[in-house]
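First subunit A sits with subunit B, and in the next complex the same chain sits with subunit C.
And then the complex of A and B:
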């Protein structure tokens, strides 16, 4: 009993640390700036309102933030770059897991090493290249960047999952009449599905949340993503904390929903049966 | 049902020759076991027949047709894997019907054939389960069912029983034998277990280091082993097989112990270094043998018992002779003690002799 209670207490504490900032953001998006800035802090809000949200979605033309444009940009960039990164990740991960070829380990190491470069160190070279090639302030530029950031990771993760799918299965499928292509889609792909799904979540969240590079490579409503859009709430002398928090909530919601949807499949997929007796 | 022919089949991995130019003819409906220690090339051979491994050179024919360059799906074969390789994300029913679904057979036919196979293998109640919900023996049966459903020309088995415990293995061995009787088919069965090979196969192919040592019926390879390796590999307990020198019509072992040369070999002028082989059935404590004395050439020695292994209906008695422990089989056993001296009969009519090159000079009958 004592151990159970301690366990629950520890869990509660951990969840509090993780969830409190999120809850604080949600709370702040619903109350006036005066209350947000109050010292000592006001823990229990006196009055809640959705003003920030109505202003955000309805306030176009009055110097408001073009949230819908940013949202659209974010969706286009994140989804496209995730789809590409996962597709390349599946192909690359499968190749690394199943085939032997010259320079395989060097190539794999090279891919992993790219992840040791801090993203921000890339911002200047990327900026110069993109400025020269006209990719600044375009969806395509951001998509390239995020695909490059995510591909080593998706390859690495998906490689690990394909390694766990026994070779025998694809061979059995081929003997059962499949072409190698069919064997892949009918047997290996569904079994590596959970890994591919988690790679997709990670790639999506990286693109969705990325700020440092996006702030350098975007200029206008043509390509600004939500994290960059948050900056619009700061002006020379004031910061609209309430609006910023409201936009943050808008950002968090789809990411959270996606994770929930995919996680369900992820967990059910992870319990697939052992092959041996 | 089809024939399988291997001609000068070679598999090389870099500088390593896994299979070295083997020839083999398997006729329709035959049950052939490839047996040998690990690394002998038996699994590689099977995988080449299946099309899962490229061949370096040589020819493979299935049903008369050269299949060298055909992918596995075009060879009309089924294979049962050591790991069973059941598709974990499909039910037993889907596993069984998978090959027919891929072949785009009508659903009614798939259902009928799955039902037929599941009746043969007693899988009826398990059809809606996932492989992870099955026991080892049940998975094994599903794997065989998946092979049967296709009605292939040839069944390939790759050590199908090695993941089962001893009791279940014996039971599944019997089931495979019954299955082969019920569903006549050409079978190539790879195993490292000589008991499986002996009990199941019409013909046994014994391989070592990528070469075929001997092809023959279970009786052949047991009673007339062509090489010293076959003699030591087949049979349990292992044949007593020791180096000796022939001099003056005597087979002399290290330390001076000797046996007379078998009568039937007297005029063959064999000399030099040989290996003498006698099965545990052919060396026995006097009066406790398997056979009557007629046709035997018995020589008796008084030897010290080093250890005994009682098995109930018989006892394995180890006796010291010629610098080695010989295993003898004692029927109608009586209690013996280590160190005790007993009379031991050597039936030289059944002795095997192998030359220095390992080839048989004379076999047991």
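And then the complex of A and C:
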């Protein structure tokens, strides 16, 4: 009994540490700035309102932060780059899952290594090149960059999902008269489909959350994304905590929803091969 | 008419495509888009930045891109104590954070695996921090650790543990601690979720056999469970090492390398040198050091992962 209680207590404490920061942000987006700044602190909120949200989405928003524009930019950039990265990932992942070829593991490692380049280090040459070619502060430039950022990971995940589809199925379909192309789209693709959707959501989240590159490659409402827009709430000496909290909630909501959808498959995609070699 | 033409042309086209596919090799063709994109968007820009690290390039003077200075930038960077401090601090941060994440992740996975009820809900809650963009993590902990309005100081003062507000982000050592907390909070779930997957995938027989043979719980954990979940831990390590540069976002917003460069990491230093000081040539030389660091981490964990996998395959 004692061990059981200790286990529950430890579990509760762990979950508290995990959840409290997020809950604190949500709470503070709902209460007036006076209450946030109050000394001694106000623990039980006296008045909750959606003022911060209505201010943010009403016209230019509080303090003139064009949240709607940033939201639109984030959506355009994230969705487009995800679609392309997944298409490229399906081709690449299929090649890794189904074919043996020379230098396969070296190539795989090489692809992964491109992902290790820290965003800020990659931003230097891209900044110079984009500034000279006029790609800076455009959706196109950011989309292109995010595709490259996501491709290694979509290949890793989709490779794992295709390997879980038995090879015999496609072969059987071909014996029954399918072309390899038909066999792929009608047999293998649907079976790996849910996994591919997970890879897509993962790629979407990477683009949705990226900051280091976006902060240098965007400049104005033309292409600034939400993570960069978050900084608009800070000035030299003051921070609009309430506005920032509200924007944080807006940013996290889609991410939360999407992660719930994929959580289980994401893990199976990443761990496939851990046991079977 | 046209339909008749296409009907004839289609098989011929398909034949031609199939034949050229065979000649080039399907895997090469399938991988071509990925390789082209990565070469154009990452490899080529990195070659360009390698070149510019040998020039005196300043953003404010475009013509300096053609002034070749040899190894001067690298000599300057490597003889600069500021750089080595940032480099050392980055390695220290990564070492502390990765080890803590591993320990907490293992603990969390074991706790959740033991839970008899609500395991699905717990697993979902556990993944919560993974959804936070690093920039949000940074902002959130900047708020929590704020000396004036932050939750942590408020709680400490309300509980009467301290009289004075603790200057979390203003004191160098405390700020480093706060960054470690933020980093560990955001990345522990990666370890927990993958180790949990390993625990759930583990066959029951070896553990029961160990119990029958009279192993203590610790022994069966150490010699049966642990070797089995090792590859899962290394997958988590590998995924994390692919993305260690993410810490830039957190530090950028929490302290921006301050106070007085006491939390400067290699990435914030690169950003400052490039964009605030406009010294692109020098910044690129530093960036190469940071890239080398990341590659080192990744290759190390990939090799660990490979050897752990073969070991498992041999044992089971």
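Definition applied: the second predicted complex is superposed on the first by the 232 of 277 C-alpha atoms of A that agree within 3 Å, B and C clash if a C-alpha of one lies under 4 Å from a C-alpha of the other, contacts with A are read in each partner's own complex, and residues count from 1 in each chain.
As a convention for this text, a contact is a pair of C-beta atoms (placed from the backbone, for glycine too) under 8 Å apart; a residue touches a chain by one contact, two chains touch by 3 or more.
These figures come from a predicted structure and were not determined experimentally.
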* Asked: So, A:169: does it touch subunit B (first), subunit C (second), both, or neither?
  -> first
* Asked: Which partner does A:187 contact after superposing on A: first (subunit B), second (subunit C), both, neither?
  -> first
* **Touched partner set for A:177, first subunit B, second subunit C, both or neither** => first
* **subunit A residues touched - subunit C or subunit B, whichever exceeds** => C
* Asked: Which residues would you name on subunit A as touching subunit B in one complex and subunit C in the other?
  -> 179, 271, 273-277
* Asked: Contact residues on subunit B for subunit A in the complex?
  -> 50-52, 71-73, 77-79, 81-89, 98-99, 102-103, 130-133, 135-137, 139-140, 146, 150, 163-164
* **Complex interface listing, subunit A residues touching subunit C** => 7, 10-11, 14-15, 17-22, 24-25, 28, 36-37, 39-41, 43, 87-89, 91-92, 94-96, 99, 101, 107, 109, 111-129, 144-145, 147-148, 151-153, 155, 179, 205, 208-212, 216, 227, 230-231, 241, 244-245, 248, 251-252, 255-256, 259-260, 263, 267-268, 270-271, 273-277
* Structure fact -> Touching subunit B in the complex, subunit A uses residues 166, 168-169, 171-180, 182, 186-187, 190-191, 271-277
* Asked: Hey, which residues of subunit C end up touching subunit A in the complex?
  -> 14, 25-28, 30-31, 33-34, 37-38, 40-43, 45-46, 48-49, 52, 107-108, 111-112, 114-115, 122-136, 139-141, 143-144, 148-149, 151, 154, 157-158, 185, 189, 193-194, 197-198, 201, 231-232, 235, 239, 241-246, 248-249, 252-253, 267-268, 270-271, 274-275, 280, 283-284, 287-288, 290-291, 294-295, 297-299, 302, 309-310, 312-313, 316
